[in-house]
Amino acid sequence: MHFFSDNATPVCPQVMAAIAAADHADHGYDGDAWSARLDGAFADLFGTPVRALWVSTGTAANSIALACLCPPYGGVIAHEEAHVVVDECGAPGFFTHGASLLTLPGDGAKLSPDAVRARLKAIRPDVHQVPARALTITQATEYGRVYAPDEVAALGEVARKHGLGLHMDGARFANAVAHLGCHPGDVTWRAGVDVLSFGCVKNGGMNAEALLFFGEQADARAAEAARWRKRSGHLFSKGRYLAAQILAMIEDGLWLANARAANAAAQALAEGAEGRLMQPVEANELFISLTAEEAAALRAQGFDFYDWGEGAARLVTNWSQDAASVAPLASALRALGRGAG
Amino acid sequence: MHFFSDNATPVCPQVMAAIAAADHADHGYDGDAWSARLDGAFADLFGTPVRALWVSTGTAANSIALACLCPPYGGVIAHEEAHVVVDECGAPGFFTHGASLLTLPGDGAKLSPDAVRARLKAIRPDVHQVPARALTITQATEYGRVYAPDEVAALGEVARKHGLGLHMDGARFANAVAHLGCHPGDVTWRAGVDVLSFGCVKNGGMNAEALLFFGEQADARAAEAARWRKRSGHLFSKGRYLAAQILAMIEDGLWLANARAANAAAQALAEGAEGRLMQPVEANELFISLTAEEAAALRAQGFDFYDWGEGAARLVTNWSQDAASVAPLASALRALGRGAG
Amino acid sequence: MHFFSDNATPVCPQVMAAIAAADHADHGYDGDAWSARLDGAFADLFGTPVRALWVSTGTAANSIALACLCPPYGGVIAHEEAHVVVDECGAPGFFTHGASLLTLPGDGAKLSPDAVRARLKAIRPDVHQVPARALTITQATEYGRVYAPDEVAALGEVARKHGLGLHMDGARFANAVAHLGCHPGDVTWRAGVDVLSFGCVKNGGMNAEALLFFGEQADARAAEAARWRKRSGHLFSKGRYLAAQILAMIEDGLWLANARAANAAAQALAEGAEGRLMQPVEANELFISLTAEEAAALRAQGFDFYDWGEGAARLVTNWSQDAASVAPLASALRALGRGAG
Amino acid sequence: MHFFSDNATPVCPQVMAAIAAADHADHGYDGDAWSARLDGAFADLFGTPVRALWVSTGTAANSIALACLCPPYGGVIAHEEAHVVVDECGAPGFFTHGASLLTLPGDGAKLSPDAVRARLKAIRPDVHQVPARALTITQATEYGRVYAPDEVAALGEVARKHGLGLHMDGARFANAVAHLGCHPGDVTWRAGVDVLSFGCVKNGGMNAEALLFFGEQADARAAEAARWRKRSGHLFSKGRYLAAQILAMIEDGLWLANARAANAAAQALAEGAEGRLMQPVEANELFISLTAEEAAALRAQGFDFYDWGEGAARLVTNWSQDAASVAPLASALRALGRGAG
């Protein structure tokens, strides 16, 4: 059983069915009937007007979002271990034409309002220094941690006061909302989020993510994003096959159902890994202390996962699992005993 | 019956089946078993070593290709009506970081070696003028015209002599090869083509194109292209669903079968449109003179297509059609009589 | 005597004196007393509020101007032989991050309102095509031609109607105004020009040009330009030596005096070259038909200049000349007789 | 007496004289007699073949250097307080088209080989992470610290092993060499430096810096740099006025004489500030602990300087000073007594 990544998992059946159901002639690009339903479907989901664009990857969603928020001479405040900083081969620099990533540390890959304020205060308001124009946070974070609504709102307040656009990388947004049990609006537009990369691929989609714009500037930013989408080669000729995936995810609650399954699997593993957890388990990722010998023992039992530096490992659960299906690994972890770390 | 665009057509059944067949867990990105077969499958098809990368759109394929051939301070020679010039919202400028498109006229959207040579001669070899570093041609062209092998070879020779990389935009490469009846190598690497955007989407694919590198620099360029693909957000998490589409196209000759069907449909229409043809019909596009009244009459009969400026129209056939299925439009055109143009 | 280029000429004495006079300690960058006087001095000259920044080259001035007017996905309408198109190694593409140059032909390197309107009309308002956002004209043009106030105003009207920012490359603005005998405001802000590259170097300066912003958006654009200036390495540590050059040019009418001298020299040559002129002589450049033998004969008499393709030559006069000082060349031209062209 | 910055100081007389002496007609751009002497003059100075280009600012020199060493998808290792990181408004991101700055801490703004090696080791060799391609160090550093030859050589060795180009920002290179008393080659090409920004402006120049390329790739990189220089608007029409400044600096040892004067002034102040120094004084900058009251007292005596955060100040000496001329400030500092820090 593999715990490498939610990317390694197949597409969930409802999404496959939706793709098949979209297999008709229609207008090209985003002129089709499926794409036309996106704005409304997301407005229903979030309880506010939304401008929604399909894109095909999380990197594209994040980068286009940042390009809409930050000029080339500006800076984007981000956690130093954020996906946009360390795992996109400089894509934000490409799409923003060289804007600076102003990075900060923070437990669990979370940013704190104090850290952001301190960073902002250190920037001289002259032409020699890059002015911060955007703030990006990841929900759930790269360490599987979740921002509560008031935590997002506190960051949103800092952003608003300093004129920063607030972007949320929601590659695992569904897992975060499933964990919080809140309305999706509570951790987004109600908390000051301007743009959301709403992830589908890790949650059972094939190759569609949604880029969502909230608030007064939504129309202007979405129009700009449409330009960036085309200009970066992300305007698909047959967009209906992307729109259909997204609609399948959100119109009947599949996004939450899938995320709950993955989260439940992670909780089951967390119980098995008591004493080894390097981070609280809030979404579908576990970071555990694990010696090389222990790792080898688990692999010998058929469990696959990535090492996370020396003496540690990362386990990622996914939509196709649940507490029952990962019970064998939970047991195997329990059998190893409490870790040293 | 619609003749808007090959983009409006559904995905062909074999490609849908291949996508379904790829629906298994595997490594993410291009680490999967399907992606691993691409180089070999294309080498078999072209009769020479090939480095192949899947990308999701023709714009991405073309732009990454040009970024691998031309530095930011360089120029790309292209036809003034080429897709890269007029229909990609400046994507080549984005991926090449501002390289110049050095445009030329030419009948049927084809470039001639003489025109290219004259353009090259006009560039002063100083730092004030942009040096040409790449040449891009479209096969079949934006007017449905096809370069014969010796025509490509003549351009390839000019490119080689002047140190230009030669790129072929093959969004309708299958239609061109089906028309020529030649080996695909004859109009590509044997004729000096360095990089080919091998189109699948217009020919029955869903959202996968192949970017192919030939020749001595193939490895180095493909390595660079892999960086651009990631950096531009085009490295899909679940690449196997793209690779599977491409393999379905090329491993059993589907690409040619589909193109032959579309071309045959176009020929049937061409016979019906005798006296109206603005360009010889060599692939799956027709450009015909047609008055507004005639256009209205055809539309009233259920035929949909785009106007092409005043007094003209464009008809595009596709893989799902053939001579028989488009007979009604052929008859309707014949019934209009010979055009005025 | 050389007629290569106004760039080859020394700095005029008043500018050298101003540089020497600025040789005091002062705040760095543009925080000095000289830089502080620029806005006011140009407001006096143009009769309207102006935001002025020194830059060091015409290419920098033009490129920063275009970056302030056009987004990366936009297009700049320009003459196909404009300096920004053919002689800046793609600098506009660099500063605008890949905006497209939408080029047009036109006699004497001048653009006509009709040509611009036709070009604009041909752009489809979808995301596939680059939207025009700026129009740039050169005054005097690359062929030494001058736009009259009403000609600029007609272009300004087209620009205003279509939402284009209007930039004027005034590398030889002084020569144009000297020829027209009009107020400098008549061919700039009163005629709809938003940004002017006010040239000094060709007119006797050492290495300072002024970038001028007019109108309601002047403050916002100048603030953006200040970012681009820094970011492109054009914010000099000791800016006072640039500001002093510009002030010396404009505060006592030196710019017009120098230009009149150069223009008068050009007129004297034009009389000598009767029958050979390929363009009317309106500023300080002559384009004349001249056989290789005739060119050799002139060079043998000590006159240096550039060939302009086969059978033609370009002669450029400068601030250090006047009708009397170029009389020897005027006579030599007259002695050759009327040209064949 | 001001100690704000070496930028605030006038141009030294020998440089002014050289500018005046260059005031003749000559070919434009870098086709003149002064520019032609640069390569040879620097080869004599450094004892090895050098390719030298004049540029006008340190930011331009640094940025063009990095653009020659690092592709857009690559990374540049730099100190987190380096000028290229914090004081150039993102210029390296502009010139490199979005390459990443991979920043490291380090005492005195110096990088250690161990820190660089650790940073390199943390980069996964896949397409998701930005590969390091260049290393940039500042000599003297932003805290006035100097790398000894063996320290540079150790960094050069790391760079060579990992395929990084090594750039040295030498805005205060003269001060560093004056401090070390070594041959300029010892801390540059003999220690593995590939490209040097050789500063003149802070050392008495007006607006000329030299960009120097060493080693086997010098020709190729200089050719590329010439493109970037033009494309970024830094190819001056009248380049001789820049070349003349640089030649005046290096042909008769002026660069070292000026730096020695500034360094001596700094040493005199350091003696006066005993007990307050936050960094060893090795070049022409002092960072001292100073209360607000003490700062006010000094300013009341006519000494101007910048605060450096709370409770600290920065004092910069320059070529026009020496130990004797700054004696009043040295005394005033001594009179304050030993600081608290």
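We call the chains A, B, C and D, going by the order they appear; numbering starts again at 1 in every chain.
Note that in this section a contact is a pair of C-beta atoms (placed from the backbone, for glycine too) under 8 Å apart; a residue touches a chain by one contact, two chains touch by 3 or more.
Each chain and its UniProt protein: A, B, C, D = Amino acid lyase.
Quick caveat, the model's predicted, so the values are computed rather than measured.
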item	value
Higher-contact pair (C-beta pairs counted), B-C versus A-B	A-B
Label of the chain whose CA centroid is most distant from the centroid of subunit A	C
Inter-centroid spacing, subunit C versus subunit A (mean Cα positions, whole Å)	50
Whole-Å gap separating subunit A and subunit B, where each centre is the average of the chain's CA atoms	34
Inter-centroid spacing, subunit C versus subunit B (mean Cα positions, whole Å)	42
Shared interface positions of subunit D, touching two or more other chains	72-73, 88-90, 94, 97, 127-128, 227, 230-231, 235
Subunit C to subunit B touching residues, read off their complex	72-73, 75, 86-90, 93-94, 96-101, 127-130
In the complex with subunit B, residue positions of subunit D that touch it	71-73, 97, 127-128, 226-231, 235
Footprint of subunit D on subunit C - complex, ascending	2, 4-5, 7-11, 16, 19-20, 23-29, 55-61, 63-64, 88-91, 94-95, 201-202, 206-207, 227, 230-238, 241-242
